[in-house]
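What follows is a set of structures for review.
Across the two complexes that follow, chain A remains constant while its partner is chain B and subsequently chain C.
And then the complex of A and B:
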């Protein structure tokens, strides 16, 4: 019983995000009138998985108490790289996938090195590297374009054996191969510990530097997965500053909706995935409810603001205000 | 005492040093010594960013941040021109105050969310940015509102008084207000105290909620003011006109030596940061470097300058 309670208190916010998504999705399907067809499910999944990957990427630095304002730009940069290298014979495509993922890792490693060894504040360091990554993306693709191997693209964007959207399979695979082992590892535990209290983590003998560096590297890797999928969906690439910025901001919102504390130390990437799907379903819902197009951004904004304000409930219930004012430094 | 002075002065000195180097580099490239006119032009362009950064700096000093700047700048520009065009008559003169009220109201909402709901400002102001964007789209999407800049805005943003651009004078006035507020009033003391430790400040009997709200209102008003001036400078207001101001403003404040964690920083530093960013952008565009390389250089410069003087303390032990 106690174990269940602990589990619930740890994962309550993520479960809430899941419930929110499921109810929104049900309303969407019912209201849509065409039922849950495979095509519809795939379209919803494809849109959601892109943001889910970027949101997972954002989660890990946030867990350490940092932030990565360059995830959106890494996403755009890897999109541009993917559109240049993912074509030709199969072996070249395979090498291309590795190249794209590696470039994501390198971007993340630069962020991590600046934060860990350069001792820069994550917010300002990743702000600056984001500009650099955007510049690189623009160097590769001054104008939108590029191409991707057609077989790979259709394999990635359709259904897996006609049962499940392939993107969902990829998302689950990424969770199982990247997130779960990371969360269970010493390094992953270290990230949570740093987010709770860096001093205590250091005193306990946790490899603070290695954990933090890994967090940013994994963020780059996950964003690169997103970049490949985006290339498969759009069949091209576009070095768009607003595109990257929007993804960065949405990823932060998804992380918060998914129950990860921006102060670090609590939450997880699974919640962020649900948060991303919630965000993506909002616009679909507005569409099926025939909301005037001009009203949509406003309502979307209000819902976003409301969703991130959910954390305020604890403030209204708190017996003592002091606990929200932060400790003396 | 001497240590305190050193900590304050070093980033400012380094920033001004970088400015001088950049101006010299630019003039070597042009084979022409920098003229007073050129420097004044740089200051004029910098003044819009400077006014945005003035408000942002107050929130950063508190350990918060205002990410709603892009659309508050936009709503400032649109409100100032639309009020004049819709209602005409005396509203032409009231366009600017109307913009300030709009910006202040958004800031008030930000402040209430951060101070009372205790939502991290990074998230709440981000949400407000989306809401304000929605409001702008709702009111301007279907029917294009009047977007012509009024003569007053144009006079403020483009004209000169005794050779000095009016925009620079406006920025200087905003700057004097901020400096007086920060260093000559209790409010300023409370801002630095709250930034250092809100808990201790609150326990000392200070209404930290009011301080937070005041800072966000000031930030909103500053952004809207800059937006109105920008509309005057460009001749019209347009959607997303504030987008290129958020990141440079954050960079300017932080390069000027204000700690992103709050509690320390000087206005002189912010001025240095703003001029530095503006001169950097100007030199890069004068050299006709393509946008892609410009972004890379821009980002790298910020990293390098931060590595020179913006580093955190080495972990102890």
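And then the complex of A and C:
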């Protein structure tokens, strides 16, 4: 009983994001007049999963108390690479997948190295590398185009055995293969520890530098998963700066809505996934309520403000005024 | 016994001590923290290390546990030379330290924190069930079975966190356990609990090094005591060989007389600038009455962390929920922020504890820093008059004889002493009537200290009032007209005139019974 209370208090914000998404989704399904059809569910899932993967990527650096402003650009860059290498016989496609994921890892490793060894602030280091990655994407794909193996694309974007959207299965698989082991690893524990109190983490003998480096590497990897799925959905690639930038900013919003503290140390990628789905469902809801799509940024902004305010309540009650200065760091 | 078995294997001495450090020295910049220190520790004993603030105790245990490396000297565990590269390395040899600044991670659960240094793993991943079982077992060992392993650490009271810190240390199967001020933040009941646990560990054959200020309690339960002073190991003795008075004498005994300016006698009838009645803040400060008269330096003393810093912050409007009646020049005031505190109607200035974070904007120039708190004085209809600013800054520069190549260099390039002078200059420029100082001479060379002492006396001679918190007892005696001693957030003693001796301060700081209020015999 006590255990349940403690579990709720730790995961309350993520559960809140889930509840918010579910209620928005239910309203959408009831209002749209066609009910929950497989095709519709797949369309909703596909849109949500892309942002969910980028938001997961963002979560890990944020947990360490940092941020990764290049996740959107890695997402775009890997999209461009995927559109060039994911074709040909099955073995080449398989090699292509590995190449795309590795390029995400390399981008993340560069970010991590700049932050850990170059001692640059994450916000500026990743702003700069984001621009570099976007430049690379433009070099690969100056105009939208490219192609992808059609079998792979349709396999990734339809239903798994006709019962569940494949992208959801992939998302769950990524959670199980990347996030769950990460959270249970020494390195993952280290990321939480650094974000909570770097000094205490150091004094505890935690591998501070290795943990922080890994956080950025995993961010690159997760963004690359997103890049592959994006290629499968659009069947091409587009080095679009606004696309990349929007994904970066939305990922930060999703992370916050999902209950991860921007100061680091608390939260998790599962909440960010729900946060991403909340943001993505807004446009669908506006559609069924016949509200202009132009209102979408406005509504998304309100949701974000609401979510952030929930987190700010605790800080405002602090007994020492210096504490809420520190909290805004 | 382990010791006996070991002594047979070596040929040199009769008994090889479990832990031995020889001729250890450590300097930080120009400051000698440890000077040629040798110390041995045996198994199955509690070894207390006593000393005033700055005696070198903290450096000692940092070296023992691998946080810092000694400049010279050797250490040996069971006769074998050791060199620790970090706390994890020391832990593998069985040397585990519990530091004064808690090393618990606030956003971890209790179980996660207890297992953080070496979590149980299966297939490379952390095994949460095993982690939980281990946490439960260790919690039981420190008599904390009622703490839920899934509770978030930041939600626990300080006393519990301290016990969890001990549980974590026990989880690393220590053979030499070092506790740094483990009880300084605890209530009497919690302290008792820690003593019970330590006695149990001693019976299990652990070597325990225990650093504390609670002298009365220490002498009751420690088997060996070592006294440190000014970075030197003064003396070691076994339980019962020294009286409390003798120990206090060993801990103090410095002569600083010439450093301080003469105290100006002033009329007791001078009107108070500041009157505080019954100040209370949460559980940290209670029932504080304080008066500061014109021309008076009132010292605030006591052990570290008894609420002195909070008292200054409370006066300066930094803390929320402070309950007090405060009068400035006889007029009741409420002060809710540093901005209100420095306003002309109050006229307060606080020289903060950490000049690098709270006192200065390091990348700005000396001039910009000095004028930062009093820009409104140089503003003409909202714009800062560069000429007026420059004139005032130059004045302050001269008064304090700040040594730099000019007022245009970034303040971060100055030495610690000169930086501190810039902080003081900045606040003097606000024309404050009441200056609060939070340990202003920490980490500053003696020469600059002396200049600061002289300056404080000049300020009071010109009619200001000063509240001066210092961790250095000699400084309190040398500078202050009166000293109030805080213990657990309350003023336990007020010392003035002839009562103002190092011995009385130490006695009051430890909250020992008030017995000898004699003339200054504590020196030498």
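Heads up, the rule we're going with is that the second predicted complex is superposed on the first by the 296 of 329 C-alpha atoms of A that agree within 3 Å, B and C clash if a C-alpha of one lies under 4 Å from a C-alpha of the other, contacts with A are read in each partner's own complex, and residues count from 1 in each chain.
The working rule: a residue touches a chain if its C-beta (ideal position, glycine included) is under 8 Å from a C-beta of that chain, and two chains touch if they have at least 3 such contacts.
The model shown is predicted, which means the values in this text are computed figures rather than measured ones.
Once the two structures are superposed, chain B and chain C can be ranked by residues of chain A touched, with B on top.
In the superposition on chain A, contact is made by A:195 with chain C only, not with chain B.
Legend: residue contacts after superposition of the two complexes on their common chain; A:184 is shown touching chain C, with no touch to chain B. Contacts of A:6 after superposition on the shared chain: chain C is touched, whereas chain B is not. Shared-chain residue A:138: touches chain B; no touch with chain C. When the two structures are aligned on the shared chain, A:278 is found in touch with neither chain B nor chain C. Within chain A, the residues touching chain B in one complex and chain C in the other are 203, 321-322. Within the complex, the chain B residues that touch chain A are 65, 67, 113, 116-120, 122-124, 126-135, 137-138, 141-142, 196-200, 202-203, 208, 243, 247, 250-251, 254, 260-261, 263, 290-300, 302-303, 306-307, 310-315, 317.
On chain A, the positions that touch chain C within their shared complex are 2-3, 6-7, 9-10, 181, 184-186, 189, 192-193, 195-197, 199-201, 203-206, 265-266, 318-322.
Only residues 67, 86-88, 91, 99, 101-109, 112, 116-117, 119, 121, 124-126, 128, 148, 150-152, 281-282, 313, 317-321, 337 of chain C touch chain A when the two sit together in their complex. Listed in rising order, the residues of chain A touching chain B in the complex are 67, 114, 118-121, 123-125, 127-139, 142, 198, 202-203, 208, 239, 242, 249, 252-253, 256, 262-263, 293-302, 304-305, 308-309, 311-312, 315, 321-322, 324-329.
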